[in-house]
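Two complexes, one shared chain (subunit A), two partners (subunit B, subunit C).
Now for the complex of A and B:
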């Protein structure tokens, strides 16, 4: 053993980060687990705030037993001094030093002060965020993201509204609809643009993951239990309301993705929870210089990125849900623990996790193809529709930048229109703007992963975290 | 004629050549403003230039920008806001005052501002500064919008996403056009407006042009109500611009924008085409900016971006015909001043292309001026 155990900084305390922490801690490395939330769990295992005194938080969660195992494991390693857990630390930059890394994080909800911690290795478990594509009326108050509605429910035990339509595409819609219904909301419809036949075509790889199918079937059964009408191959054409959302128009889609004339109908609701799938958080990886494949962080069999000393696991390396994140996190944690001590890991030690990873990656690759946003959604975005909410840029302005000003890529569209330059830095609008512009959805380089006060940057260095 | 490079300089060359009656094709491997133009602040400055050929080019260019702003000002976010160069110490003020005297003799408007009047011009400036010089001719445009609109009004044929792979030359050695990944473009004149990549285009025609990259970071804050009225920078900036050092130099240039965010430049480093983030550089910029404007301490930086200024060893651009290759013209190597100097460059090049006498002496900008020293070095 070296005099000082190597330090592994795990960024993100969701399923991947927790699995990595448990796998690495106690294997000769000291783990510092850094997370922006007040409680561990990430989006998937988001916990109610302690002050709310939730009596039965498990009612809002599936895979409660897995969560208990992770939580108990974390507590044991915290008690043993093998793990330091830094909650409410918002990482804005990971700096490569020689040797090692410095992780810079803003503190607490205020995010006015920054700390820096040194690490020998970094494991990025930064998760994903929701993709929402624009449509007429999507900026009305009352239109929320499906994940946002779920976070409100899990974290604050609050319903976003009384009558909810859940719409878009992807495996998130079912649990959101059943969760809202179980908590007492009236779910007026679940509108999924994907075609059930697309699943049948992919039956072979879908059969490879029976647990996921059982989970899906469970949600579908609960949907029936709560009397939620399920509309597949449908889409929301428009959200209506004056001050806030009052209703939506939904329509059936034909095989080409066009609305079927005459199938439109109004559904009254005060809330529309919408999602078109998830995108990986890659800002920190990109800032470190890790290679990306499209929009995901590129990793090898051991979950190593192409920057020595940096691992990545979970949604950041490709959207695949909690079970895949757990498997990847475990492998990354084992690999990091071995490599940081200067030894070569034995892949046999994580054979079971590797099999799970192979199976689930195939499953989600198939699922990803099946859950596609309604084809031709771009045609239904009117010129007057705001596509970038921060800077209030309309679809018409984006189309003009492409048409008469010669913008051929997303960066130029952004520079010409300011779309994606506001507070969210394009995280919200980038896929929508790219679609309307007809450009490839290249992720913008965000060298700072979140806004940082100039006073913090002006200091020569950040202090270490408080003990 | 073919212009290689759809950045600010290429756009201006296309505009003035088309106005002079030439048939122009503008070709770029990327989009409009995809290189250094899209990574810049849009400085139109006389204040940072010492008396000499570059200042003469800047004065011509700013006159032309003001003309273009008549119809296009709003579209390109043209703001004749003026510059304010501040000195923190009496020594710096003396040097600045001397510089301003020379500039004034060359035709620059430069107004001394005493320490007591500083806050009349910039109410949020830090206390205790020694003084400043105000340059009413300094202005700003949004560079990507400026390039795109100049291309649009030029009427030139725009070929983006088309990569020039070679320069075609006849048996007599004269340029016949360019080869691209999507077929040849034939023309008796080719203009190299490839900015930081101008050396590569010159090499395709068999000519050496030692253009090198000098990296710069810019910080962009959250949108604010207007608080910074001028382009404000510390007097050290002028020394940094003219410096030959490869080491990092940061002197803050702080300015508001029409859209609300405050822009903070400008670091200068010679590190090749390295696109990696550098926190120490960003820290120095932030420290300099908050020293000038203490209120910025609580303002958040939303993003930071980097670009590569194209510079030549004597810090002057290459403008005009290349005597080594008939039909090849250069308009590149403007370092950090390409947006400001683009209009003058385009006008002068159009004059040369149509056989007119250029209104400025192009000798200091001769593209082959480094050839002798290179031969000597070998």
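Now for the complex of A and C:
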């Protein structure tokens, strides 16, 4: 038994990582909270840059009281010396040592220099990123992800343009549309490919999630206040423009997901904020050898991965919104604090968080089914459409790899076309390439969670011993 | 309405950066992407293959579409890098190493 308190490295300072930090700190472990951003908060509670002097940041946020609680809690634990918070640390790899772990992180926005820190346990709360399926014109400047537009608004207090179409599918579209409208953008339309009736049909399983429904209804009402036209069972067929986005063509969809002939309409806009759902960040878990279930990190009731000493919480383990991330983070933090001290935790201590988790997981499973991307989207991806943005690989090239060259799986398609081999390591294009190729989406194995300068790899920093 | 008014921002003193030689105004803390957006600029890279314009896509450092050359260093993600007074920001052509 070491005399010093065990060290828990929490990676990610979003709702999950913050809840985990507050739950573990002060329970006999020292927490090192590591995040790539300049301020804590993650995606949901992304804060305006300090220098912008926002006196009323809550105007861009929901559940502000919860944020105040997290922030005050973090400050108290920082002051008590129970937590060390490392901002602007981009973790690119977590190594298993015996015993413990070494966390490697690149410093600052430049990411040229790497530091290493030792920990006895690791809690992955890395959240997710957006999935966007390709369509003609989606590489034009002015086409951005819905969450990206939201991130620049919340963090930089800027709008992507004057006239915005918000499109795709999923629960993120509503807050993004209302956020942009409140901040002064003209939202020309919210184009949702799903059918709300499908959602209502599933609503039977939703009785347990009234807060979430109220939040959704609130957003819907705000859409009305801002005069945002809502187009359900519609899709963006194409984005138009030469050097930048000028307009989009939207169309109604029939029950089979086919565009309804004659329903096409041009909408003038300088911005298209588009999203087809979220995908979890799993690279660090994968690198540690944690098992995945499809594209999410597999965890047990205590949020433990199948690698001893590694926990995961929040959207890394499945997409379910900020409230679910908070509940999972709390459970993971309590479990980690107990286990790292060599004791067995009492699940009764987090019974309320566990109930919330059960409820919200069921709620989001139902949402996920309702908000599936429009069927037959692949048919609308023309051969000339770039599907891999980094390597500029077209849908035609992917189809040729499958057709005449006989590629039978995603790996072969990639080798033949270079799709997914660029800077983003396939994060952005994988669902699109898999769809166009007609292959099962196989989560790529990425050795490093961040591109790492060669000099760093040649001389890995020696971790300082834990204090 | 605009975002600064919405949150009643009282930003620190503005400063300038140059974009392809032209001076544009920046507020402290804003990323280069935010600064370029507020100046109405949405593209600051041309792709290696087809020379097509690109700017922000994911907004959170994942997609690498927003690469830009800053003070002679190519491949900086504009959505992550904060603007510094006097920074010399240039459209990145291809890999940024061809020039």
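By our rule, the second predicted complex is superposed on the first by the 457 of 467 C-alpha atoms of A that agree within 3 Å, B and C clash if a C-alpha of one lies under 4 Å from a C-alpha of the other, contacts with A are read in each partner's own complex, and residues count from 1 in each chain.
We adopt the following convention: a contact is a pair of C-beta atoms (placed from the backbone, for glycine too) under 8 Å apart; a residue touches a chain by one contact, two chains touch by 3 or more.
Remember, it's a predicted structure, so these values are computed and weren't measured experimentally.
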| item | value |
| --- | --- |
| Clash-or-fit label for the pair subunit B, subunit C on subunit A | fit |
| Contacts of A:130 with subunit B and subunit C, given as first, second, both or neither | second |
| Which of subunit B and subunit C A:157 touches, first, second, both or neither | second |
| Which of subunit B and subunit C A:139 touches, first, second, both or neither | second |
| Partner chain(s) touched by A:268 [first = subunit B, second = subunit C, both, neither] | neither |
| Touching partner for A:411 - first (subunit B), second (subunit C), both, neither | first |
| Touching partner for A:453 - first (subunit B), second (subunit C), both, neither | first |
| Partner chain(s) touched by A:423 [first = subunit B, second = subunit C, both, neither] | both |
| When both partners are placed on the shared chain, which of subunit B and subunit C touches more of subunit A | C |
| Spatial angle subunit C-subunit A-subunit B, Cα centroids [nearest 10 degrees] | 90 |
| Distance in angstrom between the closest Cα atoms of subunit C and subunit B, superposition on A | 7 |
| Subunit B/subunit C common contact set on subunit A | 391, 422-423 |
| In the complex, subunit A residues that touch subunit B | 93, 95-96, 104, 112, 287, 289, 391, 401, 404-409, 411-412, 415-416, 418, 421-423, 425, 445-448, 451-455, 457-460 |
| Touch list for subunit C against partner subunit A, complex | 1-12, 27-31, 33-34, 37-38, 42-43, 47-50, 52-65, 67, 76-77, 79-82 |
| Contact set on subunit A toward subunit C in their complex | 36, 38, 43, 48-57, 59-60, 109-110, 129-130, 139-145, 147-153, 155-161, 182-184, 243-244, 270, 389-392, 422-424, 427-428 |
| Subunit A-facing residues of subunit B, complex | 6, 30-34, 38, 144-145, 148-149, 151-152, 158, 160-161, 219-223, 259, 261, 264, 276-277, 279, 282-283, 285-287, 289-290, 296-306 |
